[in-house]
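Below is one structure, written out as structure tokens, with a few remarks after it.
For reference, chains read A, B, C, D and E in written order, and residue numbers begin at 1 within each chain.
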Amino acid sequence: MTTAIRWFWYASPHTFFPVARTLARWCAVAAALFAIAGLYVGFLVAPTDAQQGEAYRIIFIHVPAAWMSMFLYLVMAFWAAMGFAFNTRLSGMMASAIAPTGALFTFIALWTGALWGKPTWGTYWVWDARLTSELILLFLYLGFMALKAAIDDPRRSDRAGAVLAIVGAVNVPIIYYSVQWWNTLHQGASVSMTRAPSMAAAMFTGMILMALAFWMYSIAVILMRVRCIIMERE
Amino acid sequence: MLEAAELECERGGWVLFRGLSFALRAGESLRVAGANGSGKTSLLRILCGLLPPAGGAVSWRGTPIARLREEYSSQLVYLGHAPAVKDDLSAAENLAISCALAGMPAESKAIEEALARFGLAGKTQPSRRLSQGQRRRAALARLALSASRPLWLLDEPFSALDTAGVALLRELIEAHLARSGAVIFTTHQDAGIATARVIDLDRAS
Amino acid sequence: MLEAAELECERGGWVLFRGLSFALRAGESLRVAGANGSGKTSLLRILCGLLPPAGGAVSWRGTPIARLREEYSSQLVYLGHAPAVKDDLSAAENLAISCALAGMPAESKAIEEALARFGLAGKTQPSRRLSQGQRRRAALARLALSASRPLWLLDEPFSALDTAGVALLRELIEAHLARSGAVIFTTHQDAGIATARVIDLDRAS
Amino acid sequence: MLGVARTLIYRDLLLAMRRRGDVATALLFFVIVASLFPLGVGAEPNLLRSIAPGVIWVAALLSAMLSLGRLFAADHADGTLEQILLGAAPAGVVALAKGFAHWLVSGLPLVAIAPVIALQYDLPSSLYGVLALSLLLGTPVLSMIGAIGAALTLGVRGGGVLLALLVLPLYVPVLILGAGSVEMAAAGLAPDGQLLLLGALLVFTAAFAPWAIAAALRISVE
Amino acid sequence: MLGVARTLIYRDLLLAMRRRGDVATALLFFVIVASLFPLGVGAEPNLLRSIAPGVIWVAALLSAMLSLGRLFAADHADGTLEQILLGAAPAGVVALAKGFAHWLVSGLPLVAIAPVIALQYDLPSSLYGVLALSLLLGTPVLSMIGAIGAALTLGVRGGGVLLALLVLPLYVPVLILGAGSVEMAAAGLAPDGQLLLLGALLVFTAAFAPWAIAAALRISVE
């Protein structure tokens, strides 16, 4: 019971407001530091790839961005669902705040992927399962934002958005597992929680550092955006 | 039967009313009054569960309606501003379908009778070719088949009716009250129904 | 001003009325009465030239309206059952556009005033978010800008209005009659307007 | 509860009959889109044959999408939707019934007519079965997913595009699987994989879409 | 009278903006139809290039037809049409203004976006001009002819199909001339003949369609 009360206490925009700002600042600083470290490892420490030459270095942006794009969608859907189920005001605002950042990372993943595709596959785009489902993810983010923008009443817009976010969440596992379920041109997972990484340690470190940088960036930006939304609505 | 506790309604950022409480017992009727835009329709929609209130709760025989859902819907009849009459169907088809959807399918004989009571016997044309008042009559005819539903919520039921229509509707409402149903309605005219209570939203806000 | 001679109206194979004649002079008002479906709306539509009568003719200052067309339209205001209010536009936009379409563009200040008179000042939301009565008020606000049109044809203008709205409309109508305009309206309620004549369609048919 | 669902389906079919058109609209649109192509593209048989599966499936997609706008809008405008939601059946059942009725009116006729179109494009008759089967499995998915979008955009500013924006991305897998299965068969390979996936998609949407539609409908009458 | 026409056009554009979508709908639909084809047909560049003019013109036709249903229906339902007909302008002017507004919203954007689609289909850039010109001449014809059909089917049972049945046969010449002109140019020949005919068609419909539309509108409000 007491935990539930604390939960809702934090779920109230007013208590959340000042906490958000301090947190956002620290995360912004952390994001910058991780990004510098990650780029240093990625471009100066990690060795040149035997088959792909220097082009492979795009991986340090591509993979973390792709991870974030999927992860942020799930977080967004989670908040939306919380808002739908418990009618907490903050949840809907969180979902709204996450969407643009998620869309941004999706776009980056698509863009860097397309750029990478030209040297490796000889084409910017193929209609393969992972690429298509990632594109759909972008449209889902855009649809979510468009739907919310089209409804003036904030409560209604939160609820309608929540339905769409939850429906779209189906797409995320499809993106993730598409390389296993279909034989795609795109390459399968090489980083996993259970196996040892199958790539060079330096590459792995670089990717993890960049992923951490993206994480921190996302948290900082999302918290700032939530603050704006709170100010607008209250 | 029906209790409203501390209801608050907000539309488009404006609070229409706040702290509205009342209880309605069997056999009682309640008239909701107020100027245009004061929130009568919104209140009725809250009472029937279509619109969640910004605050407070509505309970039916002691249970909050948010928990009862279909169980509560099956106790009431709500007739809104819009007559819910399909242009392409005849009055009889409309009535049969709206009864069936409400979960109380009616015999075609009963439907004929209800329509005849409202002066629509033999009108087999699609409803688009009925006059405004006839369309409203087609919607109201459902009340003649809804004796078993304890709660009636009627939003401006008298509008567009001629004097005979008004009298007929009043009769139906009074009969429903007599069999210890409960009726909540809004109207701008004086309907001539002795109501237990009047809620004036102009003063409640 | 307006003369109807031996009007006959047939709808869906039924004759609604036949041999209906009357003349309306400047400063006079006429109430069309009758039960639901007796043909009030049809009569008004015949009078404004939207519906050709099955027999007889309507003339305006001696000329049949079928020949006058736009010239006649520019003498009248017709407000029908349907409020002709666009859901997506605000009340002010609706009013400005309907005035301009009728050929009497209005200043935005005049529009503000007309809306304010009808209690819609500052309502800038799209009309879909107005209450039923507010939508009707938005439609009626056109009358406040239509002093220069001699003939007003109003189909159940009082419906959905609260008492203040009814009083306001009555005032407008009486002012129009005083400046020797002519008004024909239908209503089921007693509007409290001293009319020169009542046509009861229940008896005319 | 089942009675309500039956009434709802019966009513929607009756309305479709009354407006006569509505049954035929989707079908006619499908046929027209498919027939206009040879007019625009030129009637070279080989070219036509190779684009046929794609054209037919795109036409099916468009014709499903076309009728979505009307799926709930009329009921919303005249107040019937409120009555349905206040009715005796849970909103999920209502949603399933509406989706099913939509499919009966706009999807099923396409399945029936597809072989005729295939003939027009000179597809080998061995493909008719795969084509019809893929449509049979795919069009209900289009109806159910479309209904989610239609319910979400009810009474919302910019309904039209928004609907397309929400629905089309979700349609893409159906299109790829559907057209893919026919192309697979045309290439002489077994289309089982695609068809199985379509079937799985169908089961999945039939199970979960009603919930989302119901939630969206409740929001729309608030 | 011109004031009324201007107001009407302004109002229709305003409404289109408000529903935000409506401007974009026709456009988005056009883009989507054109983009779905590579998904369904497969992305072989030569194939795509050879079907491009046909696809683009069929898409334009469909997107024009799609928006016809709404052209007068909303005004009819909420009573505005009566007010417009009782307004200060003759019905013919009203009809012309409505048709023009429809074109501004649904036809003109297609002309602007067509080169982008052509790019997607990898058409040589020398064809962009012909494509845009043929659309510029052809889409107003689609709007005016479509408006006749829309007015005739107002409030009539089975409006949807009826509209398509009435309108499409009249659309076919435009399609053939339009797509033909681009194909002609692609084959390296001068497309003047087709374009001239399209221009003649435009002048003809602009002169006579308003009359027919006006008559149909008067009937619909009786």
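In the analysis below, a contact is a pair of C-beta atoms (placed from the backbone, for glycine too) under 8 Å apart; a residue touches a chain by one contact, two chains touch by 3 or more.
What you see is a predicted model; the values in this text were computed from it and never measured.
Chemist: Point out which chain occupies the most central position, where each centre is the mean of Cα atoms.
Modeler: D
Chemist: Starting from the Cα centroid of chain C, hunt down the chain whose centroid lies farthest away.
Modeler: The chain farthest from chain C, judged by C-alpha centres, is A.
Chemist: Considering only C-beta pairs in contact, identify the chain pair with the most of them.
Modeler: Top-ranked chain pair by contact count is D-E.
Chemist: What's the distance between the Cα centroids of chain B and chain E, rounded to whole Å?
Modeler: 45
Chemist: Express in whole angstrom the distance between the two chain centres, defined as the mean CA positions of chain A and chain E.
Modeler: 41
Chemist: So what's the Cα centroid distance for chain A and chain D, whole Å?
Modeler: 32
Chemist: If you look at chain A, which of its residues touch at least two other chains?
Modeler: Within chain A, residues 127, 150, 152 contact more than one other chain.
Chemist: Could you check chain D for residues that touch two or more other chains and list them?
Modeler: Chain D, residues with two or more chain partners: 18-19, 157-158, 162, 165, 168, 172, 176, 222.
Chemist: At least two other chains touched by the same residue of chain B: list those residues.
Modeler: 12, 81, 88
Chemist: Give every residue of chain D touching chain B within the complex, in rising order.
Modeler: 3-4, 7-8, 10-11, 14-15, 18-19, 74, 77-80, 82-90, 221-222
Chemist: Touching residues of chain D toward chain E in the complex: what are they?
Modeler: Residues 18-22, 24-25, 28-29, 32-33, 36-37, 39-42, 47, 50-51, 53-55, 57-58, 61-62, 66, 157-162, 164-165, 168, 172, 175-176, 179, 183.
Chemist: For chain D, which residues are in contact with chain A within the complex?
Modeler: Listed in rising order, the residues of chain D that touch chain A are 148, 152-153, 156-158, 162, 165-166, 168-170, 172-173, 176, 204, 208-209, 212, 215-216, 219, 222.
Chemist: Residues of chain A touching chain D in their complex?
Modeler: Its residues touching chain D are 84, 127, 132-133, 135-136, 139-140, 142-143, 146-147, 150-152, 156, 159-160, 163-164, 166-168, 170.
Chemist: Give the list of chain B residues in touch with chain C in this complex.
Modeler: Result: residues 11-12, 34-37, 41, 81, 119, 125, 129-134, 136-137, 156, 159-166, 188-189 of chain B touch chain C.
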